[in-house]
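In the two assemblies presented below, subunit A is common to both, partnered first by subunit B and then by subunit C.
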Partner chain A sequence: MATLTTVGLIIDALLALGLMGLAWRVLANPDLFKAIVLFIAFGLVMALSWVRLEAPDIALAEAAIGAGLTGALLLGAFAKLRNAQTVAAVETSGTAHGTAHGIRSIALLIFILLLATGLGYVVWSLPAEDIGLSDAVAAHLDTSGVSNPVTAVLLNFRGYDTLLEMMVLLLALLGVWSLGDTAVHRESAPDPVLDTLSRTLTPLLILVAAYLLWAGAHAPGGAFQAGAVLAAAGVLLLLTGWRLPAALAAQPLRLVLVAGPAIFLALAVVTLLMEGRLLQFPPAWAGRLILVIETAATISIGVTLVALFRGAPPADEDRQ
Partner chain B sequence: MNAAFFYAIAGVVLFSLGLHALIMHRHLLRKILALNVMGSGVFLMLAALAKRTGTTIPDPVPHAMVITGIVVAVAATALALVLMLRLSAATGHAVLPDEEHE
Partner chain C sequence: MIDYLTFVLLIGGGGFFLAGTVGLVRFPDVYSRLHALTKADNVGLGLMVAGLAVQAESWAVVGKLLLIWMLVLLAGASVSYLVAQGALQRRIRPWQR
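Take a look at the complex of A and B:
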């Protein structure tokens, strides 16, 4: 047991050091493309760290969203930037080097060091044990309708946060759509490897998403992880040149996008009228209500994330 | 002291590295990367401190907060990237002007 603890400590130390080293390389690498690829690696090491911190729910979300989708978004934006400009202009790091900035950068460095020392001291001086809210969650888990405490917090105890989060996603998409089309259209025949891979992976990803959604009630998983996996399938399809059929692009797409937040909001109003409190589910119904919300949320989150990756609203593409 | 504090301290370092890069770099894509690293630092600290329950089961509330945070971060990143591309389309570059040289 003692050797196992030592090995665990060494792994923890290596992961923590690896995170700091990778973050340094991400931020200091003169090559922007390498910096983005390193950021994806950084996200994967983060996912490993979540597992070590006994947070498998976050590990799933980080691997799918933090590393996968953010990486795809960054690489997509980098490619569009490179298409629009010369490589030299993209690569300009714009670091404020040089003597003119000497005093300012030293002042900044001192400020950051003081901030880091202060924050580090505060973290270090926290009590080694703090029960937090886990007792409160454990006490009410029976009435939440699910047995995974993280899902219970997300969809029941703090359902309000999750409702607002769905709205944030929708708002971000509205923002992206209202900014118009930034895509440099470059339609090319998909690579045969990518084509075959996506044919095999897409059904598998849909299956994994459905499993994560269902498992979220009692094991790590849930609407966000499932939605992110669904989005990964969508991004793969977009990369192979697949486009949403025009018949589905206008009303049906928008309906799917708002279905999650709308059902969530409708249930919030119903529970407000029936139970007297926003999103207070009656214990007998909580499990089923959470499953309904999560199913709608999974589909809406998945489609919203794909739409965020696509950038332009589909209606605009028709006009071009 | 336990291993969770390693991660909490690593979170502080990530946040500080990110903040430094956010202020120093003038390229907007680098600023967006720096913001994401800062966010990861905050998440890491939250989840590391959630492990101090004294039992084998960590506090689920910070975990839920971090999952919410990750989704909000990717939404904000997507919006920031589109804003950057619009700026680049309008001005020809995605680098903020250097005040002292103009």
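Take a look at the complex of A and C:
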């Protein structure tokens, strides 16, 4: 047992050092493309760290959203930057030299030192053994409708946080769409290998998303993870040249995008009127209500993330 | 006995990953680096999956381990093809002595 603990300690130390090293390389690398690839690696090491901290829910979310989809979004943005030939401008703007630069970095150093001291003091003054609100959650778990404490917190006890998160995601998409970006609609014959890969993986990814959604009630999983896996299938399809049929691109797409937040919001209003409090589910109904919210949320989150990756709203492409 | 088998398989898998990583760092061009990388992924992970599968308590676990290996094989083979294809389109010549 003692050797196992030592091995665990070594792995933890390597993970921590690797995280800091990767974070430094991401920020210091003048090459944007390399920085993005390093950022994806950072996300994967971060997911491993969450596994070591026994937080599989966060590990899943970090791997799927933090490393996978954010990586895809960054690479997509990089490709657009390269098309606009502004990467060179971005990359050279960071290498300005002079006295102002020196003063700025000294001020920055002092600020970072103060921040690190403050953070260190706060962490140091935390009680060594603090289980936080775990006991309170465990005591009320049977009224939440699910047996996974993380889902109970996210969808029931602190449901409004998740509601607001979904709104933020929708707002982000509105922001991207309102930029009026016109993505070049390139029809290209899909590469046979990529085509086969996407045809094999897409059904599997949909199955995994459904499993994650269903498992969220009693095991690590849930709407955000399932939505991210669904979005991975969508991104893969987009990369093979697949485009949403024009008949679905205008109204149906927008309906699907708002379905999750809308159902969530509607239930919030109904519970406010019936129970007197926002998102206070009656225990007998809680399990079913959470499943309804999570199903709608999964689909909306998945489609929203794919739309974010696509960039321009599909209806505008047809007009061009 | 089974523990020794696991030990040998895991160490063997680790050896392939190490060799693959060294190849990725040291090989001269993108094509030979892909070669090193896919060997590590395919065989190294295969050995690791085999080492873990003999320890598994049920066939369901063995099935899941095999599924993971198959998915990595599929993704690894496709992605290395795509990377090589991209390199060819950019007219990167294979390294020659």
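Assume the second predicted complex is superposed on the first by the 300 of 320 C-alpha atoms of A that agree within 3 Å, B and C clash if a C-alpha of one lies under 4 Å from a C-alpha of the other, contacts with A are read in each partner's own complex, and residues count from 1 in each chain.
Keep this in mind: a contact is a pair of C-beta atoms (placed from the backbone, for glycine too) under 8 Å apart; a residue touches a chain by one contact, two chains touch by 3 or more.
Predicted, not measured: the structure shown is a model, and the values here were computed from it.
Novice: In the overlay, answer first, second, both or neither for which of subunit B and subunit C A:193 touches.
Specialist: Only subunit C is touched by A:193; subunit B is not.
Novice: State whether A:6 touches subunit B only (first), subunit C only (second), both chains, or neither.
Specialist: The answer is neither, since A:6 touches no partner chain.
Novice: Using the touch definition from the top, say if A:83 reaches subunit B (first), subunit C (second), both or neither.
Specialist: neither
Novice: What's your read, subunit B or subunit C touching more residues of subunit A?
Specialist: The partner with more contacted residues on subunit A is B.
Novice: Have a look at where A:147 lands relative to subunit B and subunit C in the superposition and call it first, second, both or neither.
Specialist: Touch partners of A:147: none, neither subunit B nor subunit C.
Novice: Once the two structures are fitted together, what part of subunit A is touched by subunit B and by subunit C alike?
Specialist: Common to the two interfaces on subunit A: nothing.
Novice: Could you please specify the touching residues of subunit B with respect to subunit A in the complex?
Specialist: My answer: residues 1-21, 23-27, 29-30, 32-34, 36-37, 40-41, 43-45, 47-68, 70-79, 81-86, 88-89, 92-96, 98, 100-101.
Novice: Subunit A touches which residues of subunit C in the complex?
Specialist: Result: residues 71, 74-75, 78, 81-82, 85 of subunit C touch subunit A.
Novice: For a test of understanding, state which residues of subunit A touch subunit B in their complex under the given definition.
Specialist: Against subunit B, the touching part of subunit A is residues 8-9, 12-13, 15-17, 19-20, 23-24, 26-28, 32, 35-36, 39, 42-43, 46, 49-50, 52-55, 57-58, 61-62, 65-66, 69-70, 73-74, 76-78, 80-81, 84-85, 89-90, 92-96, 100-101, 105, 108-109, 112-113, 115-116, 119-120, 123-124, 126-134, 137, 149-150, 152-154, 158, 161-162, 165, 168-169, 171-173, 175-176, 179-180, 182, 222, 224, 301, 305, 308-309, 311.
Novice: Where on subunit A is subunit C touching in the complex?
Specialist: Contacts found on subunit A: 191, 193-194, 196-197, 200-201, 204.
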